[in-house]
Amino acid sequence: MNTFGRKFRVSIFGESHGEAIGVVLDGVQPGIPLSEEDFAGDISRRKSGPKGTTPRTEDDAPEILSGVYNGFTTGAPLSIIFRNRNTRSGDYKLFGDMPRPGHADYTASIKWLDFNDPRGGGHFSGRLTLPIVAAGVVAKKMIGYKVSAELVEVGGVSREDALASYREEALPDGGIEEKDTPGASEIWKDVLDEAIREKDSVGGIVECRVTNVPAGLGEPFFDSVESLISHAIFAIPGVRGIEFGDGFRAAAMKGSEHNDPFDTADSSGLKLHINVHPSKNGAGGVNGGITNGNPIVFRTAFKPTSSIGKAQETFNFATGEICTLQIPGRHDACIALRTPVIVEAMTAIVLADLTRML
Amino acid sequence: MNTFGRKFRVSIFGESHGEAIGVVLDGVQPGIPLSEEDFAGDISRRKSGPKGTTPRTEDDAPEILSGVYNGFTTGAPLSIIFRNRNTRSGDYKLFGDMPRPGHADYTASIKWLDFNDPRGGGHFSGRLTLPIVAAGVVAKKMIGYKVSAELVEVGGVSREDALASYREEALPDGGIEEKDTPGASEIWKDVLDEAIREKDSVGGIVECRVTNVPAGLGEPFFDSVESLISHAIFAIPGVRGIEFGDGFRAAAMKGSEHNDPFDTADSSGLKLHINVHPSKNGAGGVNGGITNGNPIVFRTAFKPTSSIGKAQETFNFATGEICTLQIPGRHDACIALRTPVIVEAMTAIVLADLTRML
Amino acid sequence: MNTFGRKFRVSIFGESHGEAIGVVLDGVQPGIPLSEEDFAGDISRRKSGPKGTTPRTEDDAPEILSGVYNGFTTGAPLSIIFRNRNTRSGDYKLFGDMPRPGHADYTASIKWLDFNDPRGGGHFSGRLTLPIVAAGVVAKKMIGYKVSAELVEVGGVSREDALASYREEALPDGGIEEKDTPGASEIWKDVLDEAIREKDSVGGIVECRVTNVPAGLGEPFFDSVESLISHAIFAIPGVRGIEFGDGFRAAAMKGSEHNDPFDTADSSGLKLHINVHPSKNGAGGVNGGITNGNPIVFRTAFKPTSSIGKAQETFNFATGEICTLQIPGRHDACIALRTPVIVEAMTAIVLADLTRML
Amino acid sequence: MNTFGRKFRVSIFGESHGEAIGVVLDGVQPGIPLSEEDFAGDISRRKSGPKGTTPRTEDDAPEILSGVYNGFTTGAPLSIIFRNRNTRSGDYKLFGDMPRPGHADYTASIKWLDFNDPRGGGHFSGRLTLPIVAAGVVAKKMIGYKVSAELVEVGGVSREDALASYREEALPDGGIEEKDTPGASEIWKDVLDEAIREKDSVGGIVECRVTNVPAGLGEPFFDSVESLISHAIFAIPGVRGIEFGDGFRAAAMKGSEHNDPFDTADSSGLKLHINVHPSKNGAGGVNGGITNGNPIVFRTAFKPTSSIGKAQETFNFATGEICTLQIPGRHDACIALRTPVIVEAMTAIVLADLTRML
């Protein structure tokens, strides 16, 4: 239920405003160098802070409880917890009567009745993606090859278009300093400013690429690489769609356009040589459910943040009447900004499991 | 590996040109009326025959080996096989040297080496969707509520546009007879004719709707309804993407547009009453991974059929040179035509499992 | 539910008097030579025929439906069925009213109500051990090392005592011919004759030894080798107990007697050399759940056959009165005679799974 | 690997001398009243203290990190940790060279190489049964009916014989005070005194009874109640055997003796009434893998504690020579004394899972 994987198993637990959240990783091979510092980089990528994310912050310091000895993984279950500190539970009872549109307030109360912990979204909170990012750090070490994700669209504006605007504004007379690698909050500054001004929110699209992945991972049908990755990706709150390679555009293509012909990329020409790559990548690196040695490429659509300050007409179950809800507090105007590292983590988790199952 | 589900488990086996293909269903509750005739309807929807599908046909007659007694399921594993009859294995060795672009020929040989059965695609063949359709028939009986899928786009032409053209041609002077419910092969006749003429293929998009689904199915995170459905859907050969509710469009929407406010659809106003529906359905019926009582709605993108008669430049691993491949035989110009019933089956399988897990 | 294993998965189906029984093996590695003839040896060991087993026989011919191509396993699911032929269903409705003591008639009707197939025990029949034996044949090929089981006690008489009597009777003047390797039915002839005469039945104890098993298989706690083997062994109908190494006797031993000290069996003295064996084997080859390189040794207690011709006082649910039941037909006087090969199969299945999980 | 169960899943983690040990319980239904105090009773039954157990003690205070809100389980994963405090790691490197006979030192080093945490047995330590006892407390609340285990034999002396001696000594002139319910350490005082005097250890047999268990739990074959219980029981360190009902004695019985006839215990005579009990219980409450409504009864054999102060001749892998090992420190002379509550916990865990799977 709250576990993913067969041989490398990731189990998450915790509530947003409870004692702690955490993760147990079972099936980590022994001998991987690991310390609490190793988590800092990926955890900081998930943190709020830049424009478009909530000003509320947690220190998000991982505490390894088991599975590491003398600086290496032991082979025993690796457990990591994060204490919850910056919790302001406020009056979540309000959302019992007036479930927030787009949130799990209503469905959680259907499923777990009045026993559900509603504080900060409880177990349904996006905060649970923090232990997933931690699991991803370990998974990345297990697989060795590179998983990288980045935003390619925010609020309907493509990365290219946003970059063009950013660079225009960043001209000497544009007033802002141009950076070599501006962050997403800078690139899509205009889109985010508008959403913040309107107390509204925007969504985004994340593209993930896995390079140097060995051919032969995955199974036909139920355990296809796409099945497993999509399973994990839809476990991230706010995902509305996923597509591999040419994705939805493939539906409008001819077979002669979409097919990836094989080519001579590999000088040896050996059939089993993993460097034999198709010349293009409409399939996103997977044929018949199994990696073909090409990069795995997929895109994930994130909806706009559900919590918005703007007034929404919704239903008050206590009074039985339509009412206006303005969600108090400070929110992420664009939750997608914080998700590329989560997409990477989920992908690495899937690949670590597939590699262990070989 | 070739099994899906926890409490209702579907296991498929078989090769396209082997003795038989089949499925074992474990966890079927006792007392469901079932006979071999019950499979005819859905199996015929998957069959080839109409324009745009291969002229090669199998009788696809199910043989129930176990799990049914006196016309009812017993509770014991239900196994069903289909003998393969219309097999013309021909020279599949060719595809050992020249793996067909878009097919699993290459990845299967990486995974299972020379032991892979290549005849007709072997275990990777789309023929394995036949036992999945059979499993879907049982799953639909288990859940009781309605799962229905249909093509909404073929070759880049939407159902609305195609229907408009069809109706125009079907005017008394247009020469063809207008039907109340024309089949997809008729609606998209022009698109299919072009693909067939060019010995090429086209893709399509299938929309699936589940109505009267109870609220409360699914789990937060890893066993979200979207995770499980996408897992099953990507097990269908040829799928490139899936999106729920507003899908990829949600990424370009504002939160105030995308959120589903609650409304007074239910006169009782009782929070737990499953008729309390959000007024729109941008979420596709799922919040926080759990059904909210609204219809589950999702779309699946199918790529164009990989096997095309049109010449493709690809690589010959035997000669080590680029070569031209014209795949002989007769193929589905649009495999998507046969997939709506497969999408339904996969969806029903997921829901039957979730219902059993309650 | 009807499946065992993680990476090598064995799923059984079928009813005693239905169309067919069978098994699907998922996770068989490609390249194992396999044909239908390979099953003959083990299947014949399970067959009835010798004294003490039922005179009713089936041909038990396996039909491989998938997973084998050109004489080798392919890597795809391997499915095998056995048609039921020699079925005389007779009046099993009788056992609906008067459930047979020791049988599953009663519990099956609690679990699956009136939908249970009662003919010949239906899905609960010992006949389902036939596909398990078939799975064992494949598992044995997968692991490569030797699993062998034999009866060490029948009807309370040890193998040593029974052999002594047998040899005494087999003296030239004893009238019967002494064989080098007499079958169990010959060794325990006297015990069996008595049971048959009394229309009663006897139990037995099977000892299983796995030699040359590599050290390092298994996991601490839940997936200990003993946990997995006992799980599989108790799936055989009629098992009442299992013990490893010194077994129940260990409970009455001192630690200094029971502990297995390490010794110099291996000339290299390398700690990781799998030939480093403890000098005795009170632990049955497993420490902390993990194989230590010593033979795995365990004993399984089989109850006397439940079906006896002798009159039993039991309850008639139709009349609500105590009644006398004489089970008609011909039965195994000692079902344990047919079980060593089943114990071997279950053990090999567990070890094949553990080896695949490494 | 370190998880048990399908619908109610128990995952343990931790090392004896690491930061903390713990357990995650997934699939707990919402609404069970639960607080940290609820664990005190069962945890104290596992604690050392009485004669025959180690004088080393931990406070064993559970810390609930998630899954409980306002005093009730929420439905989300329930996680509990126990900090390790009383750790004296000493020189466990010694056991790297001279693995302790009967322990997992050797097999752990085969499995996890030099990365294994050897301190106090690391992840292989019996200390991991503490979170299992905690899981059992929750499982007992989930099932509602009674699971109770007690020692019936220690060091080869039956409870009856030991009680007789105890009572004899407890006569007014015998010097000790007779109690209504003497503890096991008192009953088997003589046996334990001898073992302690000799710096040796003794084993024991635990009998477990589950009463008021509903009929119909379990599955035929692989998920038989015996399969699942034995799986869980062999996960307890030190178990050498398990038997149900008549157990190993059944192998020496006639069918007419061992079979459980049905009787009129239930006045209604309704077949489906769960009070219809067989008149005896040779089957231990299970037929065909499924509970029949009779108490589940089984016995578990525990070996003598592996760690003994008495000198043992064993092998020193560092010197390559036979050596004498005297394990320093203070040990349980009879670990079986602490196991009845662990047996109960494992049994309750299995039954909670089966009940959730219904």
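Labels A, B, C and D are assigned to the chains in the order they are written; within every chain, residues are numbered from 1.
Following the convention adopted for this analysis, a contact is a pair of C-beta atoms (placed from the backbone, for glycine too) under 8 Å apart; a residue touches a chain by one contact, two chains touch by 3 or more.
Being a predicted model, the structure only gives us computed values, none of them experimental.
Asks: More C-beta contacts across A-C or across C-D?
Replies: Answer by contact count: C-D.
Asks: Compared with subunit B, which chain's mean CA position is the farthest off?
Replies: Of all chains, D has its centre farthest from that of subunit B.
Asks: Roughly how far is subunit C from subunit D, going centre to centre by Cα mean, in whole Å?
Replies: Spacing between the chain centres: roughly 27 Å.
Asks: Return the distance between the CA-based centres of subunit A and subunit C, expressed in whole Å.
Replies: So the centroids are 48 Å from each other.
Asks: In whole angstrom, how far does the Cα centroid of subunit A sit from the Cα centroid of subunit D?
Replies: Averaging C-alpha atoms per chain gives centres 41 Å apart.
Asks: Could you say which residues in subunit B touch two or more other chains, in rising order?
Replies: 1-3, 12, 76, 111, 123, 220
Asks: Given the complex with subunit D, which residues does subunit C contribute to the contact?
Replies: Per the touch definition, subunit C meets subunit D at residues 1-4, 12, 99, 101-104, 106-111, 123-124, 128, 153, 155-156, 195, 198, 200-205, 215-216, 219-224, 226-228, 230-235, 237, 239-248, 250-264, 269-272, 274, 276, 278, 282-284, 286-293, 301-308, 310, 312-315, 317, 320-322, 336.
Asks: Provide the residue numbers of subunit C that touch subunit B in the complex, in ascending order.
Replies: It comes out as residues 1-3, 9, 11-15, 18-22, 24, 26-27, 30-31, 63-67, 69, 72-79, 81, 111-113, 115-117, 119, 122-123.
Asks: Can you check the complex and tell me which residues of subunit B touch subunit D?
Replies: 6-7, 76, 220, 357
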